[in-house]
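Quick one: the structure is below, questions incoming.
Residue numbering begins at 1 within each chain, and the chains themselves are lettered A, B, C and D in the order written.
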Amino acid sequence: MEGGYQVFHGLDDDKMKEACGVFGIYLPDAEPGSNEAARTTFYGLYALQHRGQESAGIASSNGNDIELHKGMGLVSEVINSKVIDQLPGQMAIGHVRYPNGEDSHPLNTQPLVFRYLGGMVALAHNGNLVNAVELRKKLAREGSIFQTTADTEILANLMARHCQERLENAVTRVMSEIKGGYAVVMMTENQLVGFRDPRGIRPLCLGRINDGYILASESCALNTVGAEFIRDVNPGEIIIIGSEGLKSYQVREAGVGAHCIFEYIYFARPDSTIDGINVNRARRAMGRQLARESRVDADIVIAVPDSGTSAALGYAEESGILFEEGLMKNRYVGRTFIQPTQQMRDLAVRLKLNPVAEVVKGKRVIMVDDSIVRGTTSKMIVNVLKQAGAAEVHMMVASPPTSYACYYGIDTSRSGELIAARLDVEGIRQFIGADSLHYISVEGMFSVFDAGEEGFCAACFNGEYPILVEGEVMDTCSTE
Amino acid sequence: MEGGYQVFHGLDDDKMKEACGVFGIYLPDAEPGSNEAARTTFYGLYALQHRGQESAGIASSNGNDIELHKGMGLVSEVINSKVIDQLPGQMAIGHVRYPNGEDSHPLNTQPLVFRYLGGMVALAHNGNLVNAVELRKKLAREGSIFQTTADTEILANLMARHCQERLENAVTRVMSEIKGGYAVVMMTENQLVGFRDPRGIRPLCLGRINDGYILASESCALNTVGAEFIRDVNPGEIIIIGSEGLKSYQVREAGVGAHCIFEYIYFARPDSTIDGINVNRARRAMGRQLARESRVDADIVIAVPDSGTSAALGYAEESGILFEEGLMKNRYVGRTFIQPTQQMRDLAVRLKLNPVAEVVKGKRVIMVDDSIVRGTTSKMIVNVLKQAGAAEVHMMVASPPTSYACYYGIDTSRSGELIAARLDVEGIRQFIGADSLHYISVEGMFSVFDAGEEGFCAACFNGEYPILVEGEVMDTCSTE
Amino acid sequence: MEGGYQVFHGLDDDKMKEACGVFGIYLPDAEPGSNEAARTTFYGLYALQHRGQESAGIASSNGNDIELHKGMGLVSEVINSKVIDQLPGQMAIGHVRYPNGEDSHPLNTQPLVFRYLGGMVALAHNGNLVNAVELRKKLAREGSIFQTTADTEILANLMARHCQERLENAVTRVMSEIKGGYAVVMMTENQLVGFRDPRGIRPLCLGRINDGYILASESCALNTVGAEFIRDVNPGEIIIIGSEGLKSYQVREAGVGAHCIFEYIYFARPDSTIDGINVNRARRAMGRQLARESRVDADIVIAVPDSGTSAALGYAEESGILFEEGLMKNRYVGRTFIQPTQQMRDLAVRLKLNPVAEVVKGKRVIMVDDSIVRGTTSKMIVNVLKQAGAAEVHMMVASPPTSYACYYGIDTSRSGELIAARLDVEGIRQFIGADSLHYISVEGMFSVFDAGEEGFCAACFNGEYPILVEGEVMDTCSTE
Amino acid sequence: MEGGYQVFHGLDDDKMKEACGVFGIYLPDAEPGSNEAARTTFYGLYALQHRGQESAGIASSNGNDIELHKGMGLVSEVINSKVIDQLPGQMAIGHVRYPNGEDSHPLNTQPLVFRYLGGMVALAHNGNLVNAVELRKKLAREGSIFQTTADTEILANLMARHCQERLENAVTRVMSEIKGGYAVVMMTENQLVGFRDPRGIRPLCLGRINDGYILASESCALNTVGAEFIRDVNPGEIIIIGSEGLKSYQVREAGVGAHCIFEYIYFARPDSTIDGINVNRARRAMGRQLARESRVDADIVIAVPDSGTSAALGYAEESGILFEEGLMKNRYVGRTFIQPTQQMRDLAVRLKLNPVAEVVKGKRVIMVDDSIVRGTTSKMIVNVLKQAGAAEVHMMVASPPTSYACYYGIDTSRSGELIAARLDVEGIRQFIGADSLHYISVEGMFSVFDAGEEGFCAACFNGEYPILVEGEVMDTCSTE
């Protein structure tokens, strides 16, 4: 769109980016020719839309053939009734992908469907392989060609190399070759497969619907389609669902869990429960902990909606300071937008987040957000609050400073832009123009979880990488 | 869209519908060839998008000619950079219109631009004329033809009949002929005009931007574009802005104000202040009043987001019961959607509003919403909350039962569907399946405002119509 | 389309432009709820597509209500099955409009549907009123407003002024007020009306289909839908078709016919017969006459396809020189196109008309076209033929030099660009670079028709205007 | 497209289907960052559009990287200025593909771009491999995966297996492994490659533009972009163009030529010259030969436009019977169409080909077409001609009966539908309802060419397959 830009991105760029969402379903009782599996996948992806808005796709199997439809856009833009009717079968998998202006390419959309000696396979994955470059070279040396730049194609080629073996053995072999964070949903003509990296970095859960099964990135997708949550897939576990029911293979001794802590802070939907912890509960608890750590004298607590709301409510609850709605979010944000001129600096933020002057005027305001990435949006918000008459603006961040790049499926390709990697807290405070700035401590963050520090990957905060990254690494998660 | 339906509408249908939003701007210091007026109108409409999502349009004047662009869809879909560049001039007016599947027609989009003996005029209006049928007949008898079914065309024809007179006199004459609720923004080649019905039913406010002026349905549009709020246009006032500055004509003794109280309850944006009252403050106060009137023993207060949130926070504040986020709203709702099958009854609601089981399980829940129209959505929400484990669900409604049709600009075309017109509170409670149901009282609602009962139209609640409606009346507001 | 331009127009701009095509149908035996009338109108417009590619529209009446759908684009782009299903009834009228980059405006699309005291009317017309400005002023003085710049709206307002009278009287009154060339198809809720200007400038014919009737600009539309041609509508005749059958009113003594001779030269389809003369036969006869008038020594005769083919065949037949296909037309021309750079001068023509070198190499070529407007395309074609090796290129034009503007429905808005208005034949020859250039003589052209000079308007060739044009006249036919 | 069908296909389905068109360009003097190579490829594909209307694509190389854009639709729909600007570099290749409702899939669009150990390669091909199934199995056994069903992916994998070798050797190796008819245009980051099967079944020619080179399926593409025709690529020849200029490798003794004779009959554009024979000349000569073989007493000769026109003119020339335009082709045929009802049987044909009654009425008509596939369209045309009053209709076919499937790049997937495989000439005559039916003889067809029978593949007519087909063969040409 010439001359336009994406206001959504303009603000959301100042957030970490989740790679993807995956969904898979097996419905043994559905009519083979029905579209029920694909239709339910559509609804599931719809519930996972927050994990990726760039592209969407669904593949279905009728037992003999795999059909595929995918494209750029939201689930509801890519998939319609007519498409669903062309995706028959008792099994389906689906995928949503995050927006990334530069590396986005229609070829990299998922699921990837391929034929190999053993038949057809459809693959969808969330995550990032840290040894992708090395694997790609090795495969190319053996004659493989690559039509995309996605990790998914590496997985496909590795699968094909082990195609003579039983499915569980082939997957086991693949898992022994790949390193990184990944949650994969895969489908042959008649089996649905899910597997998760040995540290459980990326989420994947299992549900039951009637006599069938669902695999999904988040439990909110299970709830939405009316499925019952069974359990999370274990780190290092392979699940194979077919005519003989569900089988589990714990392919390798699961390592100590290293669940991505950022899922709780920002990525996942508040109504999801991941690895035993409800996201809304975690966020609210972080708000309370933040209040315990950083109390300032103020009249009201406000949130940067929507991602800061749960923590702000927790902060208000713990501090006893009244929660108010000080920023109004415009819900009708289109995909493209006409660029404001230079004279209209604050327009970009006010179009999306307008202060409620009557609420903030003359008030000492505590503003809670879930995280700060580049700081530019926070700076604009603080500014418009002050213009609206806020006497003081104290910013509270419900996560620690983000100083380290992620290699396991989060887009920190712009990690040079992580403000906490360049400035200390006081420097950031000056940049955003707040009267005070407080982050939750790393310990405080961990204290929210029963397991404490155990079981999480918090490398973006503390630089402690659970999987060693050697040599050249691709920056982004889904498109290398 | 074959086979699909609009899930957004599926749920939002259970809300009253605002007619429209209007915006006008006069920028004497802009370059005559610049697109600044149209561009600012675009941003203003963007901020008023909640008042109408069906169609959008902008007309601009370069002093000699009026250019127009309008179409079906959101502002960001209808207007892009290329369009803006074809809308030069120092003046512009714009319009957004609400979605209405049946009566919607491209021909009824606004602004309406017409030529008459005196030149060109662009017109955009929000509201409804109660004597439209009569006026239309009278005009037709005098030879007028009508290409649309919109009131706007009646206004245009009436204007043309008085075209030999001075502009203020012509508008005065028109206002003496029309009856109803209306807020009109109009533009000749070189003057911007705004006028509001003598009871001030529909909102219209005035702002200043640099050396220019803005007229807008709500103050949030002024804030968004960086304009300063001056004041509301008075009931019965005509404002004419041109090269000689701003002139005001109080064309008739303004009647006792009869501001639409539903603007505060649901239509307007929380960050707007209308006729001296901030919307967020009013909603929160209604929540508090509701708590004073109807206290029930419960563990948590939750809102039906987004429209019930302010009142829910007020209820929680007053009652001391903890506010929790018990329903998660899916923010990625597309325009169309694949229809869930009969077996998936609750899917429609869960796709948009999923309960957070961890929050509501085992809890006695107070659920606050702003209003109930047909009750079908409330029924589904209560049901999914119970499925998610809520021990009790007590529904609190921050407005009184809506039993009467509106003739002044709100779509109650489906007033047969007003559940409160058919059932008493206990009947409604049984229908929605809540453990208890409480509405705020009419008196309680009025008590929230300093002026009390004076100054508002609450006819949809109490049947006291400020303007008499005689004979045949068209049902809907924007398309008769 | 940024950076692109319309190659189609790039070449076709060098042709006169027909205003429009009209179609109307009355099917008393169709089910009232069926879409048969609208569907047949779709096919009829499809056959008339050559008369206008800018916009298309259909209105249908179910006896009580008139429904309308119109839009920018080809018939097959604007109208689809879904649209047809929303156009029920036993009657329908349709319209196609020609492309004109500058004056084109969605508001000017037809049919125009309006309500007046007597009910609803749909109007579609082909032609141009020479007293449009005057009529518009008169109507405006009486209070009419105009939402478009089309003559159609003038007709609508005039109709409304006479609405108390019987339909035939109202139309008679309207015809007494308007001057110019016009063929109008009109529809009330239950009557289909056609009328043609008193000189019969623009074509309109009548056909029968089952027990119903059709009115159409050209007989090819009747053939296509399987209707039987009855006769042409007479100059000055009104035809009204309703439940009582067909009635004809010869409202005024028909003047001496002044049928537009350019319909035979270029506008109409070769398979149409207009006012008793088949277009293919006329074109072929003009080619033969041209051969009789201007014989040159040559090896082959080629056509500029497609409009020059019939005349070229006639020329070859008469001269005995072999007809060859020397220019290949690309049939896959899209709406938009990427602009060739300056270095690729001849590309624009070769993309659409590529010479067949094997046919023309070393040959003395007679190239026949139907007409020359600006001469720029002829110049490019001569050039590419010479590049392809043609020894000589003699251009034969099957119409006389076009030196005068048309005021009766043909777009000569760019009449300043009529090369024959600026240069004599030798000057034009030099401009286009042909070895010789011959036009058919005016007398020769007339000799082709039995009636001779009588009965035609050839004002664009001889300046003899059948209807006096006084005062200010709008340039283009369909958008004033 | 709900309810609509493709009228274009409705008629064109009754023609053989060409697989594809290819184009490649190397412009050493262009600025590396310019879009000149891609832009010229766009124009070239535009000229080759008749060889495939389903999808189009262009890949360009800037020396380091290969960019790709492709999609479903016509060249002018898929490629626009914005796309061209994203395809920089001195080299580009392009592809158009034919429409095939069933097997069409976005994944099978070309060019195919892949990365392998040696870098990046873009591939576009026209033709069909008869040992595709076997090759695919062999590659799969070695671990290859396939994401499409196109032969192109087999070629890509074979190339990758030989990537350590010099480019000419690698291509030679690939050519020794594949069997069938093919013309391939390929591009590495810095070399343009073309190669043609050893029998020269599918066409490919070489041209020069400024200091650069072009490879194209037909010479019309060279003419259109202003390039000079050098020569046809020889059967079994590899051409490699790079910084060291053009090199030719005759990889294997070229077999006796087996040029597809159907290119001359129907596929290629009349202004193309293929393997030394101009298409227009060949078609016209076939018409003359047909007249020599099958003279009938008749009044006029007409063509089924456009493909039958050249032969009809030849027939008229030889027989001395007057050529007339008896069928008018509608040039404004959209992609989709509203399906005529059963009652409107002949509508489908008349919408596209309407008889000119004035020309055929009372006449004994010879109707010439290039070929008959299923016969259904011929039957409809004969019928509408008789309805229009033709006294007799004698059908002349400028090719022999098509009785055998093609395995070298032509879609005879519906070969069961070849009417000549089921019925003899008299049976076909009865089916189509003509008064007589004559095909050119196989010998007569060959007599048109200097080389006679030598050098052509006419397997579809005589079943003499130049390349043995063993075992399982895929039916269609471009999607196996």
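Just so we're on the same page, a contact is a pair of C-beta atoms (placed from the backbone, for glycine too) under 8 Å apart; a residue touches a chain by one contact, two chains touch by 3 or more.
Everything numeric in this text was worked out from a predicted model, so none of it was measured.
Q: I need the common contact partners of chain A and chain D, sorted by label.
A: Expected: no chain.
Q: By mean C-alpha position, what chain is farthest away from chain A?
A: Computed centres place C farthest from chain A.
Q: If you average the CA atoms of chain C and of chain D, how far apart do the two points sit, in angstrom?
A: The mean C-alpha positions of chain C and chain D differ by 36 Å.
Q: Report the inter-chain centroid distance for chain B and chain D in whole angstrom, where each centroid is the mean of the CA atoms.
A: From the centre of chain B to the centre of chain D is 59 Å.
Q: Quick one: which residues in chain D touch 2 or more of the other chains?
A: 2, 82
Q: Could you draw the chains as nodes, link the ones that touch, and say if you get a line, ring, star, complete or other?
A: Ring.
Q: According to the definition already given, which pairs of chains are in contact?
A: All touching pairs, sorted by chain label, are A-B, A-D, B-C, C-D.
Q: Inside the complex, what are the residues of chain C that reach chain B?
A: It is residues 2, 68, 82, 107, 112-117, 137, 140-147, 156-157, 159-161 of chain C that touch chain B.
Q: What part of chain B is in contact with chain A in the complex they form?
A: Touching chain A from chain B are residues 1-4, 39, 42-43, 46-47, 49-50, 53, 74-77, 79-82, 84, 220, 223-226, 269-271, 273, 278, 280-281, 306, 309-310, 313, 317, 322-325, 328, 330-341, 344, 346-347, 350-351, 354-359, 388.
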